[in-house]
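Following this line, the structures themselves.
Look at the two complexes coming up: chain A is in both, with chain B in one and chain C in the other.
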Partner chain A sequence: MHSTQLKMLNDLQALEFTTFDFHLYLDTHPNDQRALAEYARAHCEAERVKDMYTASFGPLTAEDSINQPCWRWIEEPWPWEINY
Partner chain B sequence: MWHYEKKLQYPAKVGKADLKMAKYLITQYGGPDGELGAALRYLNQRYTMPTGQSKGVLNDIGTEELAHLEIIATLVYQLTKDACVDELKAVDLGGHYADHDRALFYVDATGNPWTAAYIQAKGDPVADLHEDMAAEEKARATYQWLIDLTDDPDLKDTLNFLRVREIVHFQRFGETLDLIQEFQNSKHVF
Partner chain C sequence: MEAATQMCMRLAQAYVPFQIFTNRWDPMKALMMGTVFPELYRPYHSKKC
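Up next, the complex of A and B:
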């Protein structure tokens, strides 16, 4: 995998992880307004990078194959085949 | 339902071909304190939790454990995919080769298959959450022992990510236990 793709994948992994960690925190602190705001901010940033990633390198979810010339979902590499 | 995203939660980097580590790492795939047991334990216990909060935590941590199962699988797959039969034999993986070739399987570090006897669902939320907290501590200790077994900094990095997640899960389960006990004390029991 090209280093530009790996770098963007890394950024996306970090952003989605941040989002998920706030998600778990909110499960036990549902009224924490700062965490709610941080969750929204991280989610928004992750969506932005996800759109950039899929536009450049192909689908992360099956529905990202919509408006593509073929069903790109099944293209390799699958996540366990990447040399990180 | 679940929705698959074609990416790992964390970049599972392997620095060098270390076949012996694959044999040890597989325990977090199908061993007594591994990710399969964790995911199945939490996703099964969520049905009999009494509050939306506790159902949510078990649902969400159970889901994260599936992502961790995939990280462990990736490490083992990457470490074993190019090994020749003699190399497998040299690290005592000849038995695994006889039964599974290079396929992954849900076993512990000495080849024992995963069993539902590793997990429990008591129907009592306080008992179940104590089991979950113990499970997280056992998984944390396993990751520490695995880190001790390798000198590959890339592998250590991924294992450390997983180790720290167990600490976070322990914390969330502890908070959930407090919230459940508050909930139970607030109910009038006659």
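Up next, the complex of A and C:
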């Protein structure tokens, strides 16, 4: 995997991890306004990076293959094939 | 549980302090540390024999 692609994938993983950690926090602190803002920010940023990644390198998930000429997500390397 | 009650043993009580969000790590650091919240970072250290 090219280093630009790997960097973007790594950024996306970090942002999705952050989004999910705030998700878990908010499950027990639903009125924490700062955490709500952090969750929204991380989520938007993750979506932005994911759109950029899929536009450049193709779909990451099966759902991203919708509106593609074929079932393209299987063309991506599997996680165990990525040399981090 | 029934057996424990019959033996007059006390049930366990758990206490977990409520987390209060103060600081956060940036996403890449959070991914490396396994949490976005510095106060939850508690790595295991191997004991030296």
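Going forward, the second predicted complex is superposed on the first by the 83 of 84 C-alpha atoms of A that agree within 3 Å, B and C clash if a C-alpha of one lies under 4 Å from a C-alpha of the other, contacts with A are read in each partner's own complex, and residues count from 1 in each chain.
Throughout what follows, contacts are C-beta pairs under 8 Å (C-beta built on N, C-alpha and C of every residue); 3 or more make two chains touch, one makes a residue touch a chain.
Bear in mind that the values here come from a model prediction, so they are computed numbers and not experimental data.
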Touching partner for A:L36 - first (chain B), second (chain C), both, neither: neither
Chain B versus chain C as contact partner of A:L15, first or second or both or neither: second
Broader residue contact with chain A after superposition on the shared chain, chain B or chain C: B
Doubly contacted residues of chain A, that is, touched by chain B and again by chain C: 10, 13, 17, 21, 25, 28-29
Parts of chain C lying in touch with chain A, wherever the complex brings them together: 19, 21, 24, 27-28, 30-31, 35-37
Residue numbers on chain A that touch chain C, as the complex places them: 10-11, 13-15, 17-18, 21-22, 25, 28-29, 32, 34-35, 38, 42
Of chain A, residues touching chain B in the complex: 6, 9-10, 12-13, 16-17, 20-21, 23-25, 27-30, 59-62, 73, 78-80, 82-84
Chain A-touching residues of chain B, taken from the complex the two chains share: 3-14, 53, 56-57, 60-61, 64, 70, 73-74, 77-78, 168, 172, 175-176, 179
